[in-house]
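I have placed the structure first, in the form of structure tokens, so that the comments after it can refer back to it.
A, B, C and D label the chains in the order they appear, each numbered from 1.
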Amino acid sequence: MKLWEKEYKLDRQIEDFTVSNDYILDQKLIKYDCIASIAHAKMLEKTGILKKGEAEDIIKELNSIISLEKKGRFKIQKEQEDCHTAIEAHLTKTLGDAGKKIHTARSRNDQVLVALRLYYKDELNGCKDNVGNLIRAISKFRKKYGATKLPGYTHTRKAMPSSISLWSDSFVDSMKDNIKLIDFTLDLIDQSPLGTAAGYGIPLDIDREYTAKLLGFKKVQQNPIYAQASRGKFESTILHSLTQIMFDLNKIASDLIIFSMPEFGYFELPQELCTGSSIMPQKKNPDVLELVRAKYHVVLSYEFQVKSMAANLISGYNHDIQLTKEPVMKGFDITKDCISIMAHVFENLKVNEGRCESALTEELYATEKAYDLVKKGIPFRDAYKTISKEY
Amino acid sequence: MKLWEKEYKLDRQIEDFTVSNDYILDQKLIKYDCIASIAHAKMLEKTGILKKGEAEDIIKELNSIISLEKKGRFKIQKEQEDCHTAIEAHLTKTLGDAGKKIHTARSRNDQVLVALRLYYKDELNGCKDNVGNLIRAISKFRKKYGATKLPGYTHTRKAMPSSISLWSDSFVDSMKDNIKLIDFTLDLIDQSPLGTAAGYGIPLDIDREYTAKLLGFKKVQQNPIYAQASRGKFESTILHSLTQIMFDLNKIASDLIIFSMPEFGYFELPQELCTGSSIMPQKKNPDVLELVRAKYHVVLSYEFQVKSMAANLISGYNHDIQLTKEPVMKGFDITKDCISIMAHVFENLKVNEGRCESALTEELYATEKAYDLVKKGIPFRDAYKTISKEY
Amino acid sequence: MKLWEKEYKLDRQIEDFTVSNDYILDQKLIKYDCIASIAHAKMLEKTGILKKGEAEDIIKELNSIISLEKKGRFKIQKEQEDCHTAIEAHLTKTLGDAGKKIHTARSRNDQVLVALRLYYKDELNGCKDNVGNLIRAISKFRKKYGATKLPGYTHTRKAMPSSISLWSDSFVDSMKDNIKLIDFTLDLIDQSPLGTAAGYGIPLDIDREYTAKLLGFKKVQQNPIYAQASRGKFESTILHSLTQIMFDLNKIASDLIIFSMPEFGYFELPQELCTGSSIMPQKKNPDVLELVRAKYHVVLSYEFQVKSMAANLISGYNHDIQLTKEPVMKGFDITKDCISIMAHVFENLKVNEGRCESALTEELYATEKAYDLVKKGIPFRDAYKTISKEY
Amino acid sequence: MKLWEKEYKLDRQIEDFTVSNDYILDQKLIKYDCIASIAHAKMLEKTGILKKGEAEDIIKELNSIISLEKKGRFKIQKEQEDCHTAIEAHLTKTLGDAGKKIHTARSRNDQVLVALRLYYKDELNGCKDNVGNLIRAISKFRKKYGATKLPGYTHTRKAMPSSISLWSDSFVDSMKDNIKLIDFTLDLIDQSPLGTAAGYGIPLDIDREYTAKLLGFKKVQQNPIYAQASRGKFESTILHSLTQIMFDLNKIASDLIIFSMPEFGYFELPQELCTGSSIMPQKKNPDVLELVRAKYHVVLSYEFQVKSMAANLISGYNHDIQLTKEPVMKGFDITKDCISIMAHVFENLKVNEGRCESALTEELYATEKAYDLVKKGIPFRDAYKTISKEY
């Protein structure tokens, strides 16, 4: 059964190719489609398209699907293509005609849009929570080691004295700006697409404000063509938000990989967090940090994928855009995992105060020496030249 | 003369390679560096590092550079590397010791950061203005032709009836969301980096709140390591904002290229906006639209450039990041140009109402026909199947 | 059990994070690791490190793993991390001390390298076969419809007369160049890395020429640091080869999507190859073509992922590089699928000769008209101007 | 004057936008267009379209343009759009009717294609020469310091002993593979597009084999649609070749930046190759290496730009593709510069043998110790476990 079932039979090879792994990815969306369908059913009842009893039956059945799925007992079949078909099929099987009515006044296109948007909102909030945990872990780490001084580097060369607190705070501040970006993204996408149908509205009187309110959206996304066009765009901004978080994790990882080398020893990663080599018995490797570093590029490539794929297309839904689902889903999974693991790293990370101190060599104070001359009234540029002769 | 001039002479090949085209790009930053240097001089006077007269002389000279540059008479020399060196050299030449003091309590690194940030704010506001103009041009176009109906497409196939107003509004709504994104970006970067020096602060008492206020920044970017780390990040968000605008222009161009084909004829681009072929006498080509479509990918590649280049680097300034300047500058130039040209296109674009009307063929109303059955009480899915047999 | 099992226990969260989905991806590599291990065992026997009986037992067991895996009965456990561990664990369990010797004179790093390289060679040859099938499908299509003339377009505007044969041949020629690129790639990577150990060779006498010969490699990749560094690079060239194929498929799809629109009707995609809409009963959508078009961007993003991820790393193995496995594997799967489905499309694609003919409107012959004047002795540029006045 | 000059006047804003910086970029192509035009003129004479005297005059004038351009005295005017127009305008001005005939049997499109292809061949050969020089510089460096041992790293942790010769050779071997890739690319693009006109051939008898031979092409690119379609594709493969070279330079730079840190001191970059800081008097920064590292990402973004921009377009020339010229030109310039500067770095780079030796700490020999046990008959895995307890 397909939502667009017709007299002819779809070519088997084409079916395999077009369904692809949608039916697997969509497991995550079942809950959100049910929630949206409940709101839709209420609206259909309100506007008289569904009878009261029909709406109640549908809503009961949709809630039962949510429960089933939670227990791992609602599986989308490949031949059903996606969650929307699986849910409608279930409703039709259990409720008969009432089930056949749920699709009134909507299109699979707006089902996809609304389910994804609900999912995105949940995931973005999940990311925010994780970033909050990370900030707490960094702050705890900073509390313990913040007073320790260590060299600050520019051009990968010792520059001026820095400290663990300065270093830690730089990431806290950056993560706080990332939260602002997530909040913006949440606000941007907080528009209900439900009721835009296939991108050109619906020849029926429906109450879009009502479903938007039921679903907790801040506003209705009025223009149906824009509802479609924002797919790809909203995903881009989401992925941009994720890459900004991942970018900071990439930098933390880059710092820790270098400065936990025994040659520096500023940081120490306990061996329980390190993996070994199959051939070299002595090795304790910071795999976790290398993977975090690398995963920035994975998420970045997803952002680029969406941005490249969605271009050069005319207005109105194009199937191309369906493929933006996977990179965003994976982007969320990877980013949330990486934030969590980095919080875990900070909870276990040690600072070797002795190594830090002994690394505070004399040349780090060259600028201070120049400023000592400045304080004696020598113009900075002359002071600079005087001191630079010592090096 | 270099800001870091020492006893030894830099290898010539290395000099050519490292200066590259910075001295050309930096022409755009002279004004902003002068503005920031004026604030810096005022602060140095306030904190007693500069005498009143010195500060006044410096400020006068900086204002004179701004005027000279406006008239095209302040050119950075290649051997000066960048605008910061050219400006300090000028001050030292005209003012002697006072000029040598201007660099007190700052680093070229925060000069770069603050000048760029002021430049970014101006450019983002410029983009906003251009988007405003475009929205007005679309709205005027919509006023003229909005009532015209034409086919709406999905999967590049006729789907349901649409209209010029629906189509126009989709871009207006999208552009309004783009403005929200620009506003967010403006807010995000509205942090004064001045006083963070080389990324580890300065061993002198300075008044960062004061310079921030003088320069119109909303707040001080407190952490100096984050000030450095935000380079690359802020540029990413700026370029993301630009690609979102360019994405919509890409879609407008894609629509117009296809639907102004004589085979459709819904839109008409006057011949004054079309170029010809060197060999085919009949051709009238929509080059302008093709270029706008393509330039999305140019700006997108700049975003990716910054995001790829800035990764896998440890904290603290790395010269790599200097190369983010060019893609952002070019991104602004291209985006502003493309928005303007698209406004110009809308001002000249015609809708062929006859062609639109005759394209409203019967199958566009198949959904309506199904809904007629729904209104008679037939469940939607059954109605759908009944009507689908006709096609 | 891990290959690097030590006294301490790896932190559980770190384990989950670092193993990730390697154990799933590696199912595809079991066969190749066994083949390489057989060659390695033979070499160890030849050089006296394994006794004859030991080698025979190991080889027998490795062949048995190959059979088991073929039947779906050799599954890597998550706690085993990867196929290499699963295989060594199996050998140790069944053979005791002999199993513990198989890892002599090699590292997991060169196991990975050699298994992947054997896998890549198989997959590249598989792609070549698929491209061959596609060329045959296009040629058959061309045989049937080649004589049909239709408009050739530039700038998405009618330009000069073209034909189905001209159009078909353009893709055949391009695909033939793609095969040259695959052949080059096959030649480039045809270097045995086995014996480079962890990237710095092995303090034992081994016979790398012998294993290379047994495994059918054209040559030994002598430098062990380069063996490691070529990971990421070889994957890049492989993915570049794949994107070149996908690029052509993207263009075929772009052509067919537009020119099978009923408004043109040059091509016809039978309805068995088209999917429908959940709301619009009349729709027959070319989803398959849209997906092929989109999947170019997926593979392209994988290429960029590898190229971005592998940069800014020092020499010697870094775990980052492990993540290049998934994008290449997926790149192969997608590319092979898309080539096959496109061959299937060509086998079913129809040309509507009537629509093609009636589209051959007069302006397509404007250039010919100019050349008629040229034949009468008028300089081309004058002829061009004369004719252009007619349009 | 434009090649497609008509009765109407192109809108000024559109003209500025569409010409863009083509007239500047095209300065590099003047020579190649002249060379191709000479071959074209000879062919027109051979086939009787030009009279002998006309052809001779044209050829003489084209040679004179080549000389003028060499001396910087042939400048393309903005209103001429590109080099092709400037050259035809010059011929028409100096020769009258003969000049008006040079465009017979060709289109600007194939002029662009053939000029670019000649330029690409020259540039690729230039890259090859530069890579040759770099290999020589590395080899000379290796000759001087090769015997020095230093630690080999994996996961940025000391792994096993390595040496300067092992390290140097890894890049020599990789660069040799890069040369193979350049040679393949040269071979791939060595197809004459001249005579394919606007992508659909020409309604005149022309001798394409003859011009191909005159221009030194290995073969004729027969299919005119493929000639157009290969634009974007050939550029992709060129840029892929360049990114492979840049990738190795990125790795060399990454190694040198880290291991010339005073904390390691394995390598020493003479101060003449280092730049300073505007604030910190002691600094000697490896800017040159950081820039090389960063420029990999610049070239990579150009590759992605071309690959993203050229997709989702129908067959036949689209103006989008014109924008591929700049990224390729810049890609060549950057890559050639970076190879040269890296050769210069190797000519000046020093190895600090004392620091290398003292870094050869005991744990680098752990694997050797395990193999000592293996030689005594202990299975490798048991030997590994025994030794690992020591660490």
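Definition applied: a contact is a pair of C-beta atoms (placed from the backbone, for glycine too) under 8 Å apart; a residue touches a chain by one contact, two chains touch by 3 or more.
Bear in mind that the values here come from a model prediction, so they are computed numbers and not experimental data.
> Minimal path length between subunit A and subunit C through chains that touch?
1
> Measuring between Cα centroids, which chain is at the maximum distance from subunit D?
Relative to subunit D, the chain whose C-alpha centre sits farthest away is A.
> Where the CA atoms of subunit B average out and where those of subunit C average out, how many Å apart are those spots?
Distance between chain centres: 37 Å.
> List the centre-to-centre spacing of subunit A and subunit B in whole Å, with centres computed as mean CA coordinates.
25
> Please tell me the distance, in whole Å, between the geometric centres of subunit B and subunit D computed from their C-alpha atoms.
Spacing between the chain centres: roughly 28 Å.
> Note the residues in subunit C that touch 2 or more other chains, in rising order.
In subunit C, residues 4-6, 103, 109, 154-156, 159-160, 197-198, 258, 276-277, 279-280, 283, 285, 287, 290, 293, 297, 300, 304, 308, 311-313, 318-319, 367, 384-385, 388 touch at least two other chains, as defined above.
> If we count contacts the way the header does, which residues on subunit A are in touch with subunit B in the complex?
Listed in rising order, the residues are 4-7, 49, 88, 92, 97-104, 109, 152-156, 159-162, 166-167, 169-171, 173-174, 177, 180-181, 184, 187-188, 197-204, 221-226, 229-230, 232-233, 236-237, 240, 243-244, 247-248, 250-251, 254-255, 258-259, 293, 296-297, 300, 303-304, 307-308, 310-319, 367-368, 371, 374, 379-382, 384-385, 388-389.
> Along subunit B, where are the residues that touch subunit C in the complex?
On the subunit B side, the touching residues are 154-160, 257-258, 261-264, 276-277, 279-287, 290, 304, 308, 311-313, 359, 363, 366-367, 369-370, 384-385, 387-388, 390-391.
> Could you list, by residue number, the parts of subunit C that touch subunit A in their complex?
Residue positions touching the partner: 2-6, 8-11, 13-14, 17-18, 20, 84, 103, 106-109, 197-198, 271-273, 275-280, 283, 285, 287-288, 290-291, 293-295, 297-298, 300-302, 304-305, 308-309, 318-323, 327, 337, 340-341, 344, 348.
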